[in-house]
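Shared between the two complexes below is chain A, which pairs with chain B and chain C, respectively.
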Partner chain A sequence: MSALPALSTVPIDRCADLDLARIRAEFPILRQRVHGKPLVYLDNAASVQRPKAVIDAISDCYSSYYGNIHRGVHLLSERSTTAYEGAREKVRAFLNAASVQEIIFTRNTTESINLVASSFGGSVVKAGDEIVITGMEHHSNIVPWQMLCERTGAALKVVPFTDAGELILEEYERLLDSGRVKLVGVVHLSNALGTLNPVKAMIEMAHARGVPVLVDGAQSVPHLAVDVRELDCEFYAFSSHKIYGPAGVGVLYGKKALLEAMPPYQGGGDMISLVTFEKTTYADLPNKFEAGTPSIADVIGLGAALDWLNAIGLDAVAAHEHALLEYTTARLSEIPGLRLIGTARDKAALASFTMQGIHPHDIGTILDREGVAIRAGHHCAQPVMQRYGVPATARASFAVYNTHDEADVLVKALWKVKELFA
Partner chain B sequence: MTLMQGNPELLEVAVAESLTSTNRRPIAVVIATMTKNFAVLDDWTERYRYLIDLGRQLPHFPEAWRTRSNQLRGCQSQVWIVGIRSADRLYFRAVSDAAIVSGLIALLLEVYDGRRTEEILNTSPEFLKTIGLYEHLSPSRGNGLHALVQFIRGFAKAAGATRSSESDI
Partner chain C sequence: MNDLRDLYQEVILDHNKRPRNFRIIEQPTHRAEGVNPLCGDRINVYLNIEDEVIKDITFQGAGCAISSASASLMTEALKGKPIGEIEHLFEAFHNVVTSDCECPHGLGKLSVLAGVRDYPSRVKCATLAWHAVRAALEEHKEPVATE
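Showing the complex of A and B:
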């Protein structure tokens, strides 16, 4: 049950720092009706929508200067290379990384984690070693480590969490003390619970024992400013499609010394220095980890998304979304039989819940008829569902363009669900 | 695909029930009646309310049948189905943990349960289009209904194949 008190004096909008009407106008897709109702898009944790600036950047690349990068002598190739490498610099600045050589473009967070599991894990992890993850990881920060453990004979250890959805740091520390841990993988913001994990403290605890840390930032980057140098994590992974950029691009940040020491992940074009049939030498960072032609226009689109988000300011975004989550949580708590899954003190961007006697899939189906798009399912975090003894949850997740009015539409639709299944 | 899945003794009971309650009305009549029943409900809320009621009236699906092997692959809701052939007819029992999916199962079984192989194979589930519920059968919905229709049709095809090989002997 929700631990939050009912808020009677919730401000009915409007974040002073944001011009929501102007922001919403930048998203063409939001101007539509579904089943005759205005679209209320609250499935942002699955994939967010894109502003016109991003769509235009992709379109502009293909319309006016597209060419393959890093190899042509002609003008289009040169312009594409400049734009592509410009996007890398934007990502570097966004994460406050020390060097563009620490920014690797992948397909998504999942591929970023697989890269680390395969390249770093494959060289460092041996039989008898341990990998520590948490009980609230997305499958993409579980399965690559399980596969690594199967290959090497290492063991996967899992940090448990409380009923509220907060990691038990004493247990984390106990696991770290085995002396066999070779890497910690932790999700920054849980997609199933909304918990904001204390990653800085967890990284310090791991470093005190000489253990490197990978942070899964897929959910966190669109909602809070991330500084990888302040966090001091070894690896940080995120996806473009959750931060207003195009799908098909992911980012892996890695500390330069580590990336330099790691073997390539995939072989092919663009990642080599010299190829002979006897021996191939590899390119320098970051190209060593970017085999093959990347999704050039989409990387440039990611750069445009970061520009767009920076212009609004992540602090303003976070303040708006926090107000929205508090308001929604209070309104949800008024619905009898509604149980919030994940009531951590530090929470962001989403509300996961169940309703007594009503399957989440039924909730999602009725909400869809009311124009409200949410996620109903296990959120690719089945161990979290098992932890709470539910097959699935319904999840409303917010982005900068969502309004308090939309939260009201959600809540009203949920009352209708309750009435319909009574 | 086997021609019998689930607990055999319990299935016998189900078949006995089915044989006594088998809907012998022609499929076309069943579909026409169903379509008419939905047509008189003019807003979608009422249609869904009716659908939810139909799901609640599904024949009992024993707990013992809710096994992994009887479960269809669906991402967001779970669906279990058992099928059996008796004489020249095929019988199905199915259920879901989601109410709307159970209602759609009720519509599908009203059409396909207790029918002959050819009747099943000759009846496309597109009859749900007229009612405006066909979208729920899309594989991208991940609710198990697409797999349920595949199961029923696959079961019918296998039954047809078995019967023709039996007649060859």
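Showing the complex of A and C:
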């Protein structure tokens, strides 16, 4: 993955590469009005909407070929198995992983991280060891490590960041130098700040000291091309519902040698090769980590989402969203009393902000009445809120289907907020 | 904008901007913290109760306009009241912010929050301070949550 250019170097007209009208027409949910106003959906970092191709793929599975996977000799089971494993291959190709054995389906990013914390962490981390995370992690990349530390007596160390929202790499290096670090967990794209972290450099720094790295890619995968072999991370986690796929499916990429050495996370059906009451032999990868019947149709839906996104091309998506973010940031900056939270040089996909004297919840309610859906709250990143001394922020987050006109509706509605609270 | 004015009435905007009884009582007879885990809002209420009567009631904390104004209005409504009336007032207030019932008499200025009923996600903001007061009277040691 190459680093994205700084905002100022992305020409605004590059969004012309995309046929936005055609793209928007593929999202049935976007056609509606809310409170009598056209829906402007800017809560994509929480969960994005799905194109008809994905809805149809799920519907088609249930209407025409659904059966349980990996166990039936009947046609429907075989067809479902082929489609399910086909989706795994699509995820492999999407991340450029070496093998489908390295792609584990979970429920979501949170479960992917918990799997690593429990299985890898549980077998490797001992009292006195350290786990390094950053100050801008989502709760899902904090709490599993805290739980692991409580169980094992290890310590959690946190990489600080600047007022702009950029990690202080000197501090990161200092933490790595303790010699006790067993794993680094870092968010690729911060959901609260929009910061795009220099994960490739951070992975190299960790590897120089023999430390494996887990990257939380929940926010990044819909916005930029990710190549796990180029990054060379040990683990990469993301959720289907943030990348135009259905909710209820997550992905964990892990290097094969590590996954093979790790004990199973959950026990049950589909993860075994032989069970007797005396002893059970576990299945090979990836099934070892997929106990029980998975959300089959939703995994297939994720495959359809990746096909859909690949057809547009992530480079075109990134260029469009960058232009949109640059435009929105400029317009937001014109509003007196509006403070952007997160002004890193490398930023993507979202603008987090506060308005003087106006609570983000009030902003959210007023915007909703104008048809504009944003997130108002702590974004499951309370330490980030504490870092900036705010209880919450308002956050507008973009997807490929958002337009400059929608950014204008957002900004106009924010001026209304100011007027009401004047 | 007009329907938003039903929620953000002048009285609410005024109490948000200039909250009444917005201070700490140094040695309260009762106190409690209310938190809304969904949004991270926190509010502390302090009471001085003598002979079963609320002699003084104040609050501090950060919250949205609805929770701040509701806390401010609540302190005005409860000051001087016997503690026996709190439950009755809370019940009447809760009804007003959650259902289409006629505003009962005796709620006074609290009824300006009736607009909240059209914004179900904001009901917890309006009731946060009240939950804290009830917790204070029950002498909760842990913060009370709206969830």
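Everything below uses one rule, namely that the second predicted complex is superposed on the first by the 408 of 422 C-alpha atoms of A that agree within 3 Å, B and C clash if a C-alpha of one lies under 4 Å from a C-alpha of the other, contacts with A are read in each partner's own complex, and residues count from 1 in each chain.
Here, a contact is a pair of C-beta atoms (placed from the backbone, for glycine too) under 8 Å apart; a residue touches a chain by one contact, two chains touch by 3 or more.
Note that the structure is a prediction, hence the values are computed from the model and not measured.
Enquirer: After the alignment on chain A, I want to confirm one thing: do chain B and chain C clash, or do they fit together?
Expert: clash
Enquirer: Classify the contacts of A:232 with the two partner chains as first (chain B alone), second (chain C alone), both, or neither.
Expert: Once the two structures are laid over each other on A, A:232 reaches no partner at all.
Enquirer: Look at A:376 in the shared chain and tell me whether it touches chain B only, chain C only, both, or neither; answer first, second, both or neither.
Expert: Both partners, chain B and chain C.
Enquirer: State whether A:366 touches chain B only (first), chain C only (second), both chains, or neither.
Expert: A:366: touches chain B and chain C.
Enquirer: State whether A:420 touches chain B only (first), chain C only (second), both chains, or neither.
Expert: both
Enquirer: For A:391, select first, second, both or neither according to whether it touches chain B, chain C, the two together, or no partner.
Expert: In the superposed model, A:391 contacts both chain B and chain C.
Enquirer: Intersection of chain A residues contacting chain B with those contacting chain C?
Expert: In chain A, positions 35, 358-362, 365-366, 369, 376-378, 391-392, 416, 420-421 sit in both the chain B and chain C interfaces.
Enquirer: Can you list the chain A residues touching chain C in their complex?
Expert: Against chain C, the touching part of chain A is residues 35, 357-362, 365-366, 369, 376-378, 382, 385, 391-392, 416, 420-421.
Enquirer: Over in the complex, which chain B residues touch chain A? Could you list them?
Expert: Going by the criterion above, the answer is residues 44-45, 48-49, 52, 75-78, 97-101, 142-143.
Enquirer: Inside the complex, what are the residues of chain C that reach chain A?
Expert: Against chain A, the touching part of chain C is residues 1, 3-5, 7-8, 13, 17, 38-42, 62-66, 68, 119, 121-122, 125.
Enquirer: Report the residues of chain A in contact with chain B in the complex, numbered from low to high.
Expert: 35, 358-362, 364-366, 369, 376-378, 391-392, 416, 420-421
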